[in-house]
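Two complexes are shown next, each including chain A; its partner changes from chain B in the first to chain C in the second.
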Partner chain A sequence: MAASANTLTNRLKQQPWGLWWLQARRLTRIEVRRNLFSWRATWIYFLAFVPTIILLIHAVFDRDGKLAMSEDTMVLAGIVQFYYIRLGIFFGCLGIFSRLIRGEMVERSLHYYLLSPVRREILLLAKFAAGSFSAILLFGSAMIADFALVYMPYGTVGHDFVFNGPGLSQLEAYLAIAVLACLGYGAVFLLLSMIFRNPMPAAMLVLGWEAINPVLPSILQRISVASYLRHLMPVSVPGDGIFALLTVETEPAPAWAAVLGLLLLIAVVLAYSCYRIRRLEIRYTTD
Partner chain B sequence: MNDRIVFENVSKFYGEVLGVNRISFSIPPGITTLVGPNGSGKTTLMNLMTGLVQPSSGQISIQGIAPGEPDTFFRMVGYCTQFDSFPRGLTGYQFLFDSLMLHGVSEYDAFRLAGEAMERVRLSDAAGRKIAAYSKGMRQKIRLAQAIAHHPRVLVLDEPLNGLDPMARAESLALFEELGRQGMHLIISSHILDEVDRISDRVILITGGYLIAEGNIHQVRQEVRDKPMQVLVRCDKPELLASRMFSVNHCVEARLHGDGKGVFLRTADVDEFYRLLNDVAVEGLVKIEAVAPADDDANAIYNYLIGSDGGAS
Partner chain C sequence: MSVYRHDYRAYSGRVTPMWARVGVLVRYGLAEAWSSKITIGLGLAAMIPFIIFLIQIYLANNPATRLLVSRNNLRFLDVDAEYFLRALEAQCWFALPLMSWVAPRLITYDLADNALPILLSHPVSRFGYVLGKFLALFASLASVTVLPCLVLFVYQCDCAPPGWTMANLPIAFGIVAGTTVWITLLSMVGLAFSSWVKWRTLATGVIFAAVLVPAGVGGIFSAVLRTRWGMLLNLPVMMTQLWQRLLGVPEVVRTGRDWSLPSAAILAMLIAACLVCAAMLHARIRAREVVRG
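Let's look at the complex of A and B:
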């Protein structure tokens, strides 16, 4: 037992970790450039910043409206829970992550990566890191902008709410939700894009699955990104009618358990993706 | 050190469709031409060689390393594929630079090697232009540059002369020849057999997914015994030579060369033919200036073994 553990340790030490790290960093840099600085990314910018634009218009043109901070706090929580988690980050990640492997196959350029001296697992994880960085950067900065636009009009009261009240911790929770949502949906869509030629129908199934997840048996609720994120919401949004399905917590769980559960789900999905990419073949005519 | 490209009983099936079947060979360094008609399995063979597709059965290694170990394998292998596509929005230089950076070299070395590869394929002037604006021939060249930029020991080239004008084709062939002389492995598939034949050391003939002949071109030609061999003899009296050679029954065909200063003779027994030719030379009736095989090239072997209607590609 001890001997096999030693062998494993020695094997791990012999691996070229430095080279892998260097290759992963360089791959990530190339991918981030392609994700963020291309015209085709415009619609993802739009998805991220559409609430920001609406809030900006509201802040500029609706100055005389009656201000109610508790109501605006609820609006912001609603934007995060109903828009960002369910639509914005969902479709943004679909666009970013399904392009990483499938998009390259459609454009017939994936073989250049597979012919480089980079382990396929490193390639996949670097692409995942690049997609995650791009999505987190876009949606995270959009959420910070939304937060600022909601509380700035309140002047010193808003300042006190943010820095001396619960505001900052709420922002941290929203950012944590954005990060986990990007990682979770990213891992799922990266895998789906490797399995299906057109990942869109499968993504729609995931969207439906995420929506009905609260009414499923508890074991099935664990196979969902949004169900973990619901437990992290700093503000409970009351949902009426069909919206109640998106906000209800049928099985309350502590935040740490939700984070760990989601990270475990991401790890499992990424491990399976690594297994798939090891066996990936370049057959563009049939792909 | 094992310096060979080795296929051991390799088969590849795409579902129920045969790609290649039970291919075995061991290729030493030098230039090897892959010859076969469309759909014969040449590209599958190259993709198997470089790990882009995985064998259904059998083992593949290049210089002792399997394609499943990319971090060592692709340091010594370069593959110029037939896929005429590139990552979007890159200039020729960026394309090479990004590829080289993945090899773990420093930025300075990536810059230097990219420039050197561009220079080798005569594309330096277009280095700063977007690949999307390149002509077909330039795209072919930039793919070649990408395959050779990291100084591989093994270069796999799928139809590398496609889309090149005659000048660029000659330059590429000269480059392949030079790389072959340097001791590199070059595996080339091309339908321009006459041109690659000049530089090839060996030939692999493949049709319908089956390997039908492999080895030195002259040896392969001699093994095709049911097709009489054609020899061009340059001499001052070709008609006399033809009649003399026809006195033996292994000479089956004679055709005068267009300039009237030579004759193509076809013989079923090449050893006996050369013995008789020596006798004729010694007799002094005919002054023989040169003797050369006229059909032991890849093109002729292809035609004999696969058939000209196959449409080599």
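Let's look at the complex of A and C:
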């Protein structure tokens, strides 16, 4: 047992980690530049920052003094729960991550990467890291800006809420939600884009699944990114209309369990993606 | 080989009428749309609520069922304007995935393959080209929206006691008007966004996002600025209110806030959306070829 462990350790030590790290960094840099600084990326900026613009209008022009901070806290929670998780991050990650592999196939440029002396797993993980970095940077900074714009107009009361009250912990929770949502949806869409020639029908099924997830039995709710994120919400906003009647309330899971569950889901999906990319074949005539 | 003789003349024979040329585009568009198994699957899926509603009409008009249910005084068997609103909503929302799948098939291939110069060199104008594609999409969407809803109405007319038809005729007009507005808008949105997204696989997602993201943005606008006008960006809310009014169903305020919008504002917003889509199509549907060096 000890001998086999030693063999494994030796084998791991013999791997060219330095080279892999260098290749991954270079690939990540190329992809980040493509994701953040191209005309094609402008719509992701729109998705991330459109609530910020509305909150800016509210902060500058709509200060009538009769608004309650508790109401604004609920509005912010609603923006995160209903806009960012279900729409903004979902469609943003769909655009970013489905382009990483499938987009290169459509543009007929993936074979350049596959012909270069880079392990395919390194290629996949570097692309995933680049997509995650771009998505987290955009949506994370948008959430920080939203948070600041909600509480800044309240002056000292807002300052007290943020620095001496529950404000900072709420911001931390929102950022954790943004990071996990980007990683979770990213991993799922990266895998879908490798499995299907057109990943959109499957992505729309995922959207439908996430939308109807609260009305499903608790066991099925676990196969969803949004259900894990719901447990991390510092302020919960109840559903409205017929969905509120049908919603199945699950046992509130501790934050560590929700985070661990989602990270496990991401790890499994990424491991399967690494397995898939080993067997990836490009047929440009059919793709 | 050089061509020395330049004595060509314009064709002076009988030409096909304009509508027939558009009809060719419609025919090929329909064939292209329904050649996909996913289109057929989505079309069949859209028939599931229709069958459920059809069974409900049968049960509602079956004396034995009515006798069993009447003891419990259940309202779910009532076939009234509210019932047709539910059917209309179900069918119309099933049309959204169908449109987002079919619209890119109709237009993106032509643009991605630089086929527009060849197509527009035939005796068909840019307007005729867009009209042909629009009609193909409109007909596909009508087959899962207005047709099933009208079949339900006709079946109820057949089953119901005499006098029901004349008393509820405005419902039929409401169904036709409501679905026509919806599928016209969907067709315009689908064609416009398909023409701007060259990558067909992405176009389906972009069309979905074009319908759902403004709804979220409108919701944020209304919640943050405490105004109902943000709902003018929320297509589901706007259409539900419009359908309710067309079918004569009373509006229920659920959340304590009145999000009700004036019908004129809703119609103005829908017309504006169609005009924006027309402008997008006008900018993209041109006989030009993109050559990359």
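FYI, the second predicted complex is superposed on the first by the 274 of 287 C-alpha atoms of A that agree within 3 Å, B and C clash if a C-alpha of one lies under 4 Å from a C-alpha of the other, contacts with A are read in each partner's own complex, and residues count from 1 in each chain.
The criterion applied here is as follows: contacts are C-beta pairs under 8 Å (C-beta built on N, C-alpha and C of every residue); 3 or more make two chains touch, one makes a residue touch a chain.
What you are looking at is a predicted structure, and each value in this text was computed from that prediction instead of being measured.
Chemist: Give one word, clash or fit, describing how chain B and chain C relate on chain A after superposing.
Modeler: fit
Chemist: After lining up the shared chain so the two structures overlap, which partner does A:212 touch, if you call chain B first and chain C second: first, second, both or neither?
Modeler: neither
Chemist: First (chain B), second (chain C), both or neither: which does A:282 touch?
Modeler: Only chain B; A:282 stays clear of chain C.
Chemist: Quick check on the superposed pair: does A:19 touch chain B, chain C, both, or neither? Answer first, second, both or neither.
Modeler: First partner only.
Chemist: Who does A:264 touch here: chain B (first), chain C (second), both, or neither?
Modeler: neither
Chemist: For A:168, is the partner it touches chain B (first), chain C (second), both, or none of the two (neither)?
Modeler: A:168 contacts neither chain B nor chain C.
Chemist: Applying the document's definition of touch, where does A:57 land relative to chain B and chain C: first, second, both, or neither?
Modeler: A:57 sits against chain C, while chain B stays out of touch.
Chemist: Per the contact definition in the header, classify A:198: touching chain B only (first), chain C only (second), both, or neither.
Modeler: A:198: touches chain C, not chain B.
Chemist: Once both structures are overlaid, what angle do chain B and chain C make about chain A, taking C-alpha centres and a multiple of 10 degrees?
Modeler: For this superposition the angle at chain A equals 90 degrees.
Chemist: If you take every C-alpha pair with one atom in chain B and one in chain C, what is the shortest distance in Å after superposing?
Modeler: Superposed model gives a least chain B-chain C C-alpha distance of 5 Å.
Chemist: Per the definitions at the top, what is the overlap between the chain A residues touching chain B and those touching chain C?
Modeler: Chain A residues touching both partners: none found.
Chemist: Going by the contact rule at the top, pick out the chain C residues touching chain A in the complex.
Modeler: So the residues of chain C in touch with chain A come to 38, 97, 100-101, 199-205, 208-209, 212-213, 216-217, 219-221, 223-226, 254-255.
Chemist: Help me check something: in the complex, which residues belonging to chain A touch chain B?
Modeler: 16, 19, 22-23, 26-27, 30, 34, 38, 104, 107-109, 111-120, 279, 281-284, 286
Chemist: Which residues of chain B touch chain A in their complex?
Modeler: Interface residues on the chain B side: 14, 47, 50-54, 70-75, 77, 79, 81, 83, 85-89, 98-99, 101-104, 146.
Chemist: Along chain A, where are the residues that touch chain C in the complex?
Modeler: Answer in residue numbers: 47, 50-51, 54-55, 57-58, 62, 67, 75, 78-79, 82-83, 86-88, 91, 94-95, 98-99, 102-103, 106, 197-201, 203-204, 207, 240-241.
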